[in-house]
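In what comes next, subunit A is part of two complexes: it sits with subunit B in the first one and with subunit C in the second one.
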Partner chain A sequence: MTKGKKFITPYLYLLPTIILMCILLIVPIVMVIGYSFYDNVIINKNPVFVGLENYSKVLSDPVFFVAIKNTLFFVLISIVAHFLIGMLFAMLLNTRYLGVMTKGIFRVIYALPWMFTASVIAIVWRMMLNPNGVLNYLMTNMGLISEKVEWLASRDVALASVTLINIWSGYPFYMISILAGLQGISTDLYEASALDGANAVQTFFRITIPQLKPILISLLMLDFVWTLQQFALIWMTTGGGPVNATETISTYIYKQGFSKYQYSMASAGAVILLIVCTIIGIFYVRQQKAGD
Partner chain B sequence: MIGKKKLWVQIIIIILLVIGTIWAGFPILWMILNSFKPNSEIFAWPPTWISENFSLDAYKAIFTNPEQVRFFINSYAISAIVVTVTLIIGILAAYAFSRFNFPGKGIINTIIVAVQAVPPITLLIPYMSLIVSLKLFNTYGALILTYMVFTLPYAILMLTGYFNTLPKDLDEAVMIDGGSRFKALWSVLVPPSVPGLVSVGMYTFMQAWNEYLFALALTKTNDMRTVPVGINLLMGQHAYEWNQMMAMSVLGSLPILFLFLFFQKYFIAGMTAGSVKN
Partner chain C sequence: MKFKTVAKKILSAAVVGTMVLSLAACGGSGGGESSDDSKDEGGSEGGGDGVTLEFQQWWGVELPDGALADICQKFTDDTGIKIDLLSNPYADTKTQIASGAASGTMADVVGLDGSWVYDFAKQGSIANLTELMGGAGYDDSQLSSQIQVDGNTYMIPVVNFAYPMYANMDILKEAGIEELPTTRDEFLAACEAVSKNGVAGWAIPLSSESPSGIQNQFMTWLWASGGAMLKDGKPNLEGNAELEATVEFVKEMFDKGYIAAGANSMKEPDMVEEFTNGRVAFMTDGVSHLTTIKKEAPDLNFDYLTVPVVEGFSGTRGMDVANWGIGIAENCEHKDEAWQFVEYLMSPEVNAELAVLANAFPGNSKAEPDYSSSDELFVKAYELFQSCEAINEFTGAPTSEDLMRSFGEELQLYIDGDTASAADMLKAAQERWMPAFE
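And then the complex of A and B:
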């Protein structure tokens, strides 16, 4: 085997990957950044260079401002709730008070929401949250509400409703990952902690949390990026309405591009989203490499 | 005293288990129950739990409508192709990462890890002109290739991890016997990696089966639509046939539920690989 051939071998194995990633990842990213500096791209054959005009238009659009506010609410509440529910369920499934069978059954039940695609989740929750739906019935019967609530059609509660749906659909990822992490913690650590006379709360903060830290950081970063990009669930439940009440950055970009055909504006919004995600992505890559 | 404390803990655990079950399971139960009701009973007040008019009509309506059957054929075909091609290309790439050191390895690896942070909607805008100029708009090809941008990196990372656990002596022995590298990869490295391939395959299937945004924007005619887009189309077209939408939701969720219930270990391994390091 010649030296040249040996040099080229790994690249041959990587060739399909490199071609795919160049054409459908690198080139599109360069294109979308380019689009964001021109007017009327895609529709107009000869777009004009406008510099940062699209950015200043997007950033001064009051709807975009509302979208950022809604997105922050949606993302922060979602990831905190995902974390708390995932942690609670993982701890519950890890207690020594339950048998192996019981744990297995409940693990399946609690993981179920993760198995459904966004359009199924959206449609099922639209049915349940309908003013004549089962949730209003149950809450009326329990005396929690006095009149039917328009969960997805009222400006006051739509964002909270959509966030609730997202919480339901996302926590199992934390639960399963944290459970895997909990099972990896050595029992010696817990025994040592018990010998030191630590109570359950102290053990949780001194042993469990520090041991889970790398997993938790990865989870929070991945979830932040994913929730920030959440489009399907919002699009199919409220479509960003009523009157922008659930407009997020993703639905804003989609509407600019695919409803209003303002691809230049959409590109500027998409690049802003990409920058935010890249910053988190850099931390995620560092975190993953530190683990290797 | 200790016995008393234990009892309290057990009561709290049971209460939490019940609340958790209602929280996680009720929407799914409600979906299933409503798929067997006539449409007029969906918003009955008070709600009917198990309908006296229990029927499979909603399922019959889905199975006898060629347009809706087509959504399923499309989803199965696209997901199967994405899984197959992702695994083949992923195995080749993982071999390069696992067995070679070469200039550019670090950069390619960083790009592959970072893909998980790239928003699909950012790529979708340039795809609208790129996919059209590649003459792939409204074809399986458009969805297969764009899905692979997200499935392939995950496959490569997981498979590289698997190959790294296999000693280099194994494939070198084949090459000393006069076998090619290519043969060493397929005959020595791939067979012991089957559990990893199953995990990756399932995760890939789930990503492809559940994808919505690209399927919505890169296809146009109903004969090219996938199940997630199809379920949502049902909403506008048929003036809210809720029972049919529920039946289609149940049918559309079965493949993933099946994989999860019967291959739980592999499924969970695929799902947690991004955050849990062994």
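And then the complex of A and C:
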């Protein structure tokens, strides 16, 4: 085999993937980045290069800052709750005090929210959180509230309600991943800790958490990026309203593009989101490499 | 070992070849179906043999199963032009058409909502129908309306959906209301009466996701009494006394608890559900929902009325109208054939058939739909519609959906007490609307 042939062979093998990545990933991303530097592209047949003007407009738009604030609340609360609920349920399912059948049944029940599509989740929760819905009915009968709460229609509670829906729909991913991790921890470690006299809390923090650390870091990073980009659930439940109360970066970008037809502004917003996701992605890759 | 290496290489080459071929197929599929083939096979004017037109719309989903396909098949039988139906729900269709407009890959013929027309026309993604009609020698006097931008037609309403008011007669009877309200004061009195029985008087969907409640529910009050939100094609919100009175009227209903709970996240289907379940006495809604309501609640005793007007109003009442419009993509390579198809849908017979199927009113003034087998309430709605002036100022307005959304947000701020007065609210809305009209 000649030196040149040897050099080129691996790239030939990679060619199909490279072609697909270029068409499906690189080209759209480059186009969106390009759009963000022009005045209104698509609508304007001859767009003019405006440099960073679109970024300046987006970053000086008060609604964008509301969207950032809401996004941070939505993302941080969601991933913390996902982590806590996922860990709790995974440990319940991993306990030796329950039978195999019981564990199997609860594993299916706990994982159910993850099986539904965003549209189904949105419809179900919209019905439950309707002022005349099940939740208000139960809470009224239990004496917890005296008048109907407008869960998705009130600016005071809409963001918390949407976050709750997202927590419900996302925790099974943590639960399943952590459960897989827990089942991979050697029982020798727990036996050794028991012989050393460690209590349950010490065992959890000194053995379980360190053993799960690589999985947990990956989960948190992936969840951060996914929740940051969450659009369907918010759009179908509140549409970013009432009055921007649940506006997030993704709904802001959608409205700029498909409601105002300001594709350049939408692109600028998307590039800002891309930068944040890329930073998290770099950390994720580094962490994966370190794990290897 | 050597055989294995050769086999691996052959397999790799086969995989690469397949992937490249599949990519080529992906790139060429659209053209192959609708444009390129037809060009080769001669998309001649008039004949149309071999031409396939893509028709993207949401109508197929809302019409009885197969009804639109049957209508299109008759056209194919007559002309040889094939129609490839792309039917999806309204919201999906909107997104797909907007994406197609952005990328220049819009389907040949598209179903349009009047609120999208301005933007697509300005974008140059939908064709100027005035030119096509002129070229075909079409007599456009038979069209009940045309949606124009800068004096040229870009959309033709195929069928119209009127928005009268629905009244739950049992709720009204229980509250002691014998006569349907005709004025706003009478309406408030009726709402007051039903609210004593724990029923909401009226409902308005103000969800940010689908802000059409501003068009189909809020503005109907203004239009019914002859008011307008535009003047010479520009926003006329600030200082508009009639609109200010309408805002105050709706705020009063909110303050007095006449409006169904959850308005700020309510969508139109939620409102229909509230009415169907007997939790709301009145709602302003499209006649298109008549069949659904009858099916969901066969025993519901309801009637139609025109939207009540301000005291002393004696002019012709306005009635909100929405429509299924049609347009042709600028990127369509067979505009003449596409126009033939539009002309076919707008012909009196086909248009009448579509109107009956859709529970709507025809877009061709010469069409004579046979409503004899339709519900008597539908016939009443048709009579009310004919007695009113059809109006919808959002049709043909720039970024209509965004106008509705921003108005809705300002309205919610006023209702919640964040804005001091209706005048301030309208001033703020005007400021948000102006950039779209510049």
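Rule of thumb we're sticking to: the second predicted complex is superposed on the first by the 275 of 292 C-alpha atoms of A that agree within 3 Å, B and C clash if a C-alpha of one lies under 4 Å from a C-alpha of the other, contacts with A are read in each partner's own complex, and residues count from 1 in each chain.
By our rule, a contact is a pair of C-beta atoms (placed from the backbone, for glycine too) under 8 Å apart; a residue touches a chain by one contact, two chains touch by 3 or more.
Values in this document were obtained by computation on a predicted structure and should not be read as measured data.
The superposed arrangement places subunit B and subunit C in clashing positions on subunit A.
When the two complexes are superposed, the chain touching more residues of subunit A, out of subunit B and subunit C, is B.
Shared-chain residue A:Y13: touches subunit B and subunit C both. In the superposition on chain A, A:L273 makes contact with subunit B only, while subunit C stays out of contact range. In the superposition on chain A, contact of A:K45 is made with subunit C only, not with subunit B. By the touch criterion defined above, A:M236 reaches both subunit B and subunit C. Touch criterion met: A:E150 reaches subunit C, while subunit B stays clear of it.
Of the two partner chains, subunit C is the only one touched by A:N244; subunit B is not. Look at A:A158: by the touch rule set out above, it reaches subunit C but stays clear of subunit B. Of the two partner chains placed by the overlay, neither subunit B nor subunit C lies in contact with A:L76.
After overlaying the two complexes on the shared chain, residue contacts for A:Y261 are found with subunit C alone; subunit B is out of touch. Overlap of the subunit B and subunit C interfaces on subunit A comprises residues 13, 16, 20, 23, 42, 130, 132, 236, 258, 263.
Per the touch definition, subunit A reaches subunit C in the complex via residues 12-13, 15-16, 19-20, 23, 42-43, 45, 126, 130-132, 148, 150, 152-155, 158, 235-244, 255, 258-261, 263.
Taken together, the subunit C residues at the contact with subunit A in this complex read 12, 15-16, 19-20, 23, 94-95, 98, 101-102, 119, 122-124, 206-211, 261-266, 270, 274, 279, 399, 401-402, 405, 408-409, 412-413, 416.
The residues of subunit B lying in touch with subunit A in their complex are 6, 9-10, 13, 16-17, 20-21, 23-25, 27-28, 30-31, 34, 42-43, 45-47, 89, 92-93, 95-96, 99-100, 102, 105, 108, 110-130, 145-146, 148-149, 152, 156, 181, 209-210, 212-213, 217, 227-229, 231-232, 235, 242, 245-246, 249, 252-253, 256-257, 260-261, 264, 268, 271-272, 274-278.
Within the complex formed with subunit B, the residues of subunit A that make contact are 7, 9-11, 13-14, 16-18, 20-21, 23-29, 31-32, 35, 42, 88-89, 92, 95, 97-98, 106, 108-125, 127-128, 130, 132-134, 137, 168, 172-173, 176-177, 180-181, 184, 214-215, 218-219, 222, 225, 228-229, 231-232, 236, 250, 253-254, 257-258, 263, 266-267, 270-271, 273-274, 277-278, 280-282, 284-285, 288-289, 291.
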